[in-house]
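Before any comments, here is the structure.
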Amino acid sequence: MDYQEVLQQARTCIGPFCKACPVCNGLACKNTIPGPGAKGIGTGFIRNYQKWQELCVNMDTICENLPVDTSFSLFGHTFAAPIFAAPVGAMKMHYGDKYDDLAYNSILVSACADAGIAAFTGDGMDPAVMAGAISAIASADGDGIPTVKPWDMDTIFQKLDAIQAADPIAIAMDIDAAGLPFLKNHQPPAGSKTVSELKEIIQYAHRPFILKGIMTVRGAEKAMEAGASAIVVSNHGGRVLDQCPATAEVLPSIAEAVGNRMEILVDGGIRSGMDVFKALALGAHGVLIGRPYVTMVYGAGAEGVQIYTNRLMAELKDTMSMCGAHKLSDIRRDMLHSF
Amino acid sequence: MDYQEVLQQARTCIGPFCKACPVCNGLACKNTIPGPGAKGIGTGFIRNYQKWQELCVNMDTICENLPVDTSFSLFGHTFAAPIFAAPVGAMKMHYGDKYDDLAYNSILVSACADAGIAAFTGDGMDPAVMAGAISAIASADGDGIPTVKPWDMDTIFQKLDAIQAADPIAIAMDIDAAGLPFLKNHQPPAGSKTVSELKEIIQYAHRPFILKGIMTVRGAEKAMEAGASAIVVSNHGGRVLDQCPATAEVLPSIAEAVGNRMEILVDGGIRSGMDVFKALALGAHGVLIGRPYVTMVYGAGAEGVQIYTNRLMAELKDTMSMCGAHKLSDIRRDMLHSF
Amino acid sequence: MDYQEVLQQARTCIGPFCKACPVCNGLACKNTIPGPGAKGIGTGFIRNYQKWQELCVNMDTICENLPVDTSFSLFGHTFAAPIFAAPVGAMKMHYGDKYDDLAYNSILVSACADAGIAAFTGDGMDPAVMAGAISAIASADGDGIPTVKPWDMDTIFQKLDAIQAADPIAIAMDIDAAGLPFLKNHQPPAGSKTVSELKEIIQYAHRPFILKGIMTVRGAEKAMEAGASAIVVSNHGGRVLDQCPATAEVLPSIAEAVGNRMEILVDGGIRSGMDVFKALALGAHGVLIGRPYVTMVYGAGAEGVQIYTNRLMAELKDTMSMCGAHKLSDIRRDMLHSF
Amino acid sequence: MDYQEVLQQARTCIGPFCKACPVCNGLACKNTIPGPGAKGIGTGFIRNYQKWQELCVNMDTICENLPVDTSFSLFGHTFAAPIFAAPVGAMKMHYGDKYDDLAYNSILVSACADAGIAAFTGDGMDPAVMAGAISAIASADGDGIPTVKPWDMDTIFQKLDAIQAADPIAIAMDIDAAGLPFLKNHQPPAGSKTVSELKEIIQYAHRPFILKGIMTVRGAEKAMEAGASAIVVSNHGGRVLDQCPATAEVLPSIAEAVGNRMEILVDGGIRSGMDVFKALALGAHGVLIGRPYVTMVYGAGAEGVQIYTNRLMAELKDTMSMCGAHKLSDIRRDMLHSF
């Protein structure tokens, strides 16, 4: 099976909102929530994808003909590539009945670990979701990153306590989940957190902490001040606020401001190894990919994850070698045209 | 009923020119006048809408988790949100037989007052239109803004005299109505007014006076010189002159020039609370929304006005909280990307 | 009859290449030559039209409410508006059998004179074309501008001799006709002329001389040096060379360079009085309009010319009054947005 | 037969991937490989074509009316025009069964020589391809340029040895062929070469050497350092790496950096003599054209090559004369608008 065949298979069991499109670019699903679309008029997802496509790479093949190494280190762990599966939740509501969050995470986490990368898991109203994620990560020897929603402080502390059992690489919080309707109306109040609240959370977590949902230099500086080890430059795939800039648009200035002092990951519309290369050239250290891993799991389970990850790595290697980069640290911003 | 259901209902009784489109963006009606379209080749309306969509907002959820307050003060009055229904006239000609101007204004003015905002009313050839508007505003305890067309001076003075009975918040004049065909051929001559004529009118009005139809810095300065308390940056929704810039394009420089010395309102293609947020970030203090309130009244009368206003306020609150603004004065220009 | 009705009538007798489109913008005819299209891949005409549309005007109605005067002087003659019908030739080949060049010019010249403007006439292989034009202009008391192609010098001198009988306002040469296939292969050789050849021609003509087909500052300076009284900034409607810039793109720099020392006319995609206003704001003193006058003559003869000219003047007046210009000399570049 | 008739004929025997489109612009074939499309999502080819179209030329016909001379010298040889047929290989796989590489090259090389220009020939896995190319070039008295793929050094030396028999004008290497799948997996390893490896190859070749596949200033400087006499600014028509900039985008800076010290050729989306003019105005000395020559050979063999070459020369001459350039060295960058 190749990538397109897995997609074809996914079309038989995913839906009705996701169409497992040949290119996952936000056009067919637009603003369908429930479903994989974006908030408001639905252009957030489309713009994320489009802005990567507008970047051009500088080919240069006058160089040594060496093998290309995509290996990536984060928090003392080494991965086959700077790629993570992004956290996705409420699978039944958005992608159809084939999987609930527990079944999805259980396939995804181990398949990613087997493919040499790692998955972020999501969080949910039902405590069983986080419990399942913890057990999936524990089974993968900690190769996974649980993501806690910005609940009230007490709930967060309880979740952090439970997470320690999985001994994960790191812990993440999608701080921009404040924009999700179910969180907005939650009792006790959930959502935005101040720097000092985040400091408390991060000290309590006692592990490398990743703040996901940063879209401004100022936000990145607050994340640093709060003690985060990494940020994910992300607009939640357009699902928490309409008409944000694309992540590719804000990444360069954020990377310039804090990139030498913390790890920078990015997500939003990254679909190919070429896109991964561009993200790294703009200053990210690694990327997260969300919706495409969903279609892979629906289409072919663990095998789908492997097929897509291999494809991403092959495309990344190809782009690197054609631009004269033989390891990730060789990728420079001037490998993009007009930068 | 939600917003889309009211639109669906409107489609059964509005028309034939207005289609009560899912998004009111000037594409379907284009240059239909009579009808809700724009003048000339009809791109004025389309551009107004489009330019708001091109602006992106800077999400930042690392902040206090506070309730958001959209309350707005103008001329000593407080409103639930910085939103007004714009003046619309000749309802039967442009939107169909269900309502004449009197019936429309009578529903709109009280429904807006009930929703915590206020309506501008229009003016017409038939003196009964202004008389009806005055009585509707009086019934709403002055919560409404009558708009006088730029007739000859004597007619204006007579209308201003009559308006005092309604004790309205303010009085407006759509100075750009000079471009409407019926006004162009009016006897005695109507249309453009000099600064000194406007001074005379404004002194006579003896109330906060709003000049609507300002599209340049120089026009704004003349409005100030004439003694206007506020301007509406507006191209009359594209209906008085083809191929004006969008209001979103001229608002920033006008706000920089006079924004700290007078109130600035803006209209043209504003459809969502996200658009309202962008207008305020560009320097407006409040906005007017025209055509969408028409479809709401045709679809569901006062209830439609309430549903749409609630929706606008919810969207505005959501955007504010996701960008870290908890009251209107927190909204800054740098909450827009690339500003 | 109004403009759209004349067009509708034209559709019954024009063609098969010209479709008498609602808006004459080069899309339907594209690269049809024979026919009204443009050379090469046909984008020259389309771009001409498009670039006028991209300009926006600055509305400002805080001004005196005065009548608008569009009267225009050129070489001591006064016209109702700064508008000329452009020279068009080979009517049967490009627009259908209804008219040959003689019949077309004979209607056009007198109808333009009656409408208060003037027509440029074309030239052709057949000497009868120029002879007919001369007689049409003579009948209109010299109210017309014969256009001589850049033949060999002797032929030009003979044509200039013959033209004197018509006592025309001025004489023009479309120097860019060098790009027309029939001229390229002409014997004796025709086409490009040097400054010194043009000097000789212009002195011989002994009347105000208009060089048509100037697209660069350097070309305008050469026209001045050769003694031309006026230029027409023109790319021959895209018919002599593919992928020229639009005339609206090159007009501003040409006007800055020579606009205070010679008359500047412009053509290419000008369709409405709004477009005329924009051309004047960019520095032109007057405009030529070609294809639309053809459809008017095919549709309704002299009446069509009158209807379209009235429409252009009404649109020009409307735009002027809405931008606060009461006579042509009031039109300034800063009446365009971003200029 | 004219160009469109040859294309029509080609449609009966080419395919199934190539459609012999009226304009060969990458839209219909997109990312079909096998076939004439581009790699990845297929936009490389489309962008190449598009960027030439976006350039506008400055018409100026006030000049001497002289014949236009397109003759071009390279490495002591003179050609009728600065145009080469580009190397294309694996004809059966990409364009259909009518021709194998040997038959194609044998027609193309002699037809180009007869038309006054020269062809580059391709290379292949099967040694017979290069052998056939050598024999075709020898038969044309050396009027052709064999292109060696970047094999391992030994294979390259053997190929260079064999090539000497043809006594060709020059020898080329498409260094960017490193991105072709079959080369990537070749044993012994083929692909990228260092400057010092290229030095060795070029010294061994002992003839003017052309490095094809340069897309950056730095790559051009490395080519110079390695001793190349010429480069081809090329992204291999989008077939070796997705989302490169168009060659028209990188040509100006490369020409500025090395254009006075080495010959610069360019390919990618050049289809007309107008495009050739633009390439020369941006600093190239000559151009290569690939896919269109394939459709010409499929459609009409040697006659097709002649027809298309004549057409290109006529268009080039026409553009030159309309911009006031009478020989290639008259073409200046300021003959393009906004340069």
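As written, the chain order gives the labels A, B, C and D, with residue 1 at the start of each chain.
Just so it is clear, contacts are C-beta pairs under 8 Å (C-beta built on N, C-alpha and C of every residue); 3 or more make two chains touch, one makes a residue touch a chain.
These numbers come from a predicted model, not from an experiment.
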Problem - Labels of chains that are neighbours to chain A and to chain B - result: none
Problem - Interface composition of copies chain B and chain C: same or different, split at half - result: different
Completion exercise
Outermost chain relative to chain C, judged by CA means, is A
Fill in the blank from the handout: Taking each chain's mean CA coordinate, chain B and chain D are separated, in whole Å, by 60
Fill in the blank from the handout: So, in whole Å, the Cα centroid of chain C is separated from that of chain D by 42
Problem - Overlap residues in chain D, where contacts from two or more other chains coincide - result: none
Handout entry: Arrangement of touching chains [line / ring / star / complete / other]
Key = ring
Completion exercise
Touching pairs here come out as A-B, A-D, B-C, C-D
Problem - List of chain A residues in touch with chain B within their complex - result: 40-41, 43, 47, 150, 175-176, 178-179, 184, 189-195, 198, 211, 213, 215-216, 218-219, 222-223, 226, 235, 240-245, 249-250
Handout entry: Touching residues (chain side chain D, partner chain C) in the complex
Key = 23, 53, 55-65, 272, 274, 315, 318-319, 321-322, 324, 337-338
